[in-house]
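Some structures to go through are shown next.
Both complexes below contain chain A, partnered by chain B and then by chain C.
Now for the complex of A and B:
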């Protein structure tokens, strides 16, 4: 096996999952919304990309549409859910993911049902070798990841980000201080879903073929493990968590070929995942990275004030 | 002129009638006190005024505008501010951020302007930070400005809760026991601050059990009992009324407040 291709493949997946982890960070880490249907928005993005690119539209347009469609779905899902208590948001989003997957499995006219749908490479007419295409995918994914990272960093270190964090702590108190938490929650879900949708588009573009079985709830839970490991409400945590978990995933898959075990070695990674989460929650409940206070320029005034008095 | 008119508010929780045709008025530019035994419905009335509880009957109007049925953030918009009895702070945010979140008309709190009007909101942030520091100075919390609110003691949390209402730049403030859990000297200092704000034209409706402080600063007092307003008048009138002692203070008229 070509080792370089494997490394590049790993990098692509790390980037895509880092995007998903960042998107969950907007919803759960900053706004406190437990979205257990992440895979649905990832899937919506992937299928939107697959269908629109089959029309021969340019890849950047397809990626933008993937984000938009996922974001609209995010808004639709949030509308009934936000009137309910937070745990119901988890149930609604979880079942939304299942419904979407089963819908796609059952239909044939739109996205090929269980047979899946082939996706053209974004770099198909650029005369690239397969290896160059993989390189191009790595660059595309990581450039978008960096852009999203910077975007979220700026957004979360603004008065807007402060309101989101406030909603996570106590949404009624935010409302008493004059901000409608419903609007902010819907926006947070839209932003998070849009990022997940773009990640889905990148996934479809890279893997070149998608079917409903790729979008099981396991994807959602993997993203949750990444965020909890890295540390919610810290953008670095989301990315580092994704990189570690993806590395771990691959590592345990390689390791199982070299281990003689009395049971199916496939299960090793799940057992290790479980242990990882237990030890993490016991000894480092905040994750690897802690939340950093906001940087808006206001904190600089405090130092002046404290030194003068 | 009355700035706030509460008219015939009733509210039941299950079979328990907490408010029974409660009515009161707050004159503009006054500190109006609301007293009464525990469970008489004071806090429920305050929550109803601020839209946190929907009344079964009755109306609330603020500056001749009907505000019954509005959501708390809409009531904030018309110029009211509210301070909880039990502090509801954002514990993982810094003390400074707790105050800044209360600021009115902050440009950067909307999604688009947070991204595209950075220069403008950063300038506003600096101004608001100075205002926040003045409030922290008053409350004696300057040295804790950059600490998470969760690190504050119970009394300090209470102070910050009041500070947020001051930060909101309102026309009128509803306060639920501002001096509870605060040492007497600081309690008085808070009321002195409220009094200077009153002289600048702000109005207050304050629930308070610390009568020695309240009666010194209030312009007018309402007393509630069993969901109704049973007594009202200037502090002088109230302390001379035997009903005040029978239902609330429990001591004879000659005790504490006569001097």
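Now for the complex of A and C:
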């Protein structure tokens, strides 16, 4: 047993799920949109990557396309529900995840249906050993994760991010200020879905084979566990939540593979995740990390004014 | 090849199932004002309760229905008391309530998966098959349709003639006014969670008897159940009856249309999804309002 492979594998999955958690953070944490179909956009990205890379296109182009396709889908699906109450959006996104999986299963010509589709490695023509390819995947995933993190950090502290937080708190007030809240919600969903799509592309690239059964609603739930545990509206929370949950995910998989237990660790793990979420929502709804106050230019002014008086 | 009479019978069977399964969802959704995604698991739980009685060919079907009703109702009522009521009292947001319901769903589903396994099982009870002309109908379907009709009639009288039924409607339309007139809100809501999920458990037994039994059973029909709930208008039982009939017809005629067009019949679920989207665009309050 090669321990290093486990570590690298875990790092890749932590990075991919941290991206998903950050993407949900844009939608739910900052804008207050309950997207219960995250897996659909993850899946759309993964399949877009798989199909476009089979044309022999370079991996960065495929990743960009994965993000684009997912973000367009995100906008289209949510439009009918965005003007309505939050529960309609939840039901529509949740249903869409199921429908997209049915579509991919039924249309065998597109991507192999239930048989799945093989995905070429992004580093196939670079003369890498398998070990180096795994390393390259780790680097690729974490470089993109850091880039997305920085981008979101800046975006959410910009005036644009303040409008999103305003919509979360009170969308009527935002409307009074002359901002179309539907437009902002659509944009938040597009950004979120694009990140999820890129995460899907990275996922497909790394595991090299995808089929519809990898994209069950369980993925969406896992991302919600990460975000609620870490703390919504705090980018560090989203990443830390993803790292912790993915750590337990891997742990239960290793337990299942190497130990004979009287119970299935996978079942127990998800039942416990469910209980954890209920307890968090009851006793600590802001998760491990609280939302930070906004960083604006006004802060420095206030500090100057306070010190002079 | 396709007999209109047979499609109509199939439609009524589908509608009856959706009516039984949807009643509790629409009533609790109307009262508590959030969609309970763990509702799917009450259906599954009822189906697994049925397994205690129907694992052998000489099982008593009626007994399975009663036990499924009681167990699913009890679990639903306790989940309301232990999870949802404390959350509502803490003024938890709608999204958090939905997340909690999904979390509860995973607790229940994976507990059932641990207890009964994830592979599909089947009831061992056999049903007589009747052929009327070209139309084939099983004894199970007759019982299912009869149960749905009886439930609809009983609920109609319950909602219009009894104090508890009127209280449910009063709370659904105006919770504060209902409290002022001396209705015990907690008691009525708890009662609704019990009876609604009980009916869902009964629907689960029928579904498992008609197809197979596995932990995803309830989840697989959750989407059409949400579609009928929203099409009928959340909280409206009469809207639900019409919506269940419409979706039953749409699905069964749709399947014929799909195979006529050379598309996979797996798209049956997509019909419910299209109706859901259509309702949200054209008439988001549903048929009833």
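Note that in this section the second predicted complex is superposed on the first by the 289 of 309 C-alpha atoms of A that agree within 3 Å, B and C clash if a C-alpha of one lies under 4 Å from a C-alpha of the other, contacts with A are read in each partner's own complex, and residues count from 1 in each chain.
Here is the rule we use: a contact is a pair of C-beta atoms (placed from the backbone, for glycine too) under 8 Å apart; a residue touches a chain by one contact, two chains touch by 3 or more.
Computed from a predicted structure; not experimentally measured.
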Clash-or-fit label for the pair chain B, chain C on chain A: fit
Which superposed partner A:94 touches (first chain B, second chain C, both, neither): second
Which superposed partner A:118 touches (first chain B, second chain C, both, neither): neither
Touching partner for A:172 - first (chain B), second (chain C), both, neither: first
Which superposed partner A:86 touches (first chain B, second chain C, both, neither): second
Partner chain in contact with A:302 - chain B first, chain C second, else both or neither: first
Touched partner set for A:281, first chain B, second chain C, both or neither: second
Inter-chain angle, chain B to chain C through the CA centre of chain A, in degrees rounded to a multiple of 10: 80
Contacts of A:268 with chain B and chain C, given as first, second, both or neither: second
Distance in angstrom between the closest Cα atoms of chain C and chain B, superposition on A: 12
Doubly contacted chain A residues - partners chain C and chain B: none
Residues of chain B that touch chain A when the two form their complex: 50, 52, 71-73, 76-77, 82, 84, 88-94, 96-97, 100-102, 104, 106-111, 114-115, 118, 121-122, 125-126, 128-130, 132-133, 137, 142-143, 145-146, 164, 168
Of chain A, residues touching chain B in the complex: 151, 154-155, 158-163, 165-166, 168-170, 172-180, 187, 291, 293-294, 296-302, 305-306, 309
Interface residues, chain A side, partner chain C - complex: 28, 32, 34, 36, 80-81, 84-88, 90-92, 94-96, 98-99, 102-103, 105-107, 217-218, 221, 224-225, 228, 263-264, 266-268, 270-271, 273-278, 281-282, 285
Residue numbers on chain C that touch chain A, as the complex places them: 34-35, 37, 83, 86-87, 90, 92, 94-96, 98-100, 102-107, 110-111, 113-114, 219, 223, 226-227, 230, 263-264, 266-267, 269-270, 272-273, 276-277, 280-281, 284
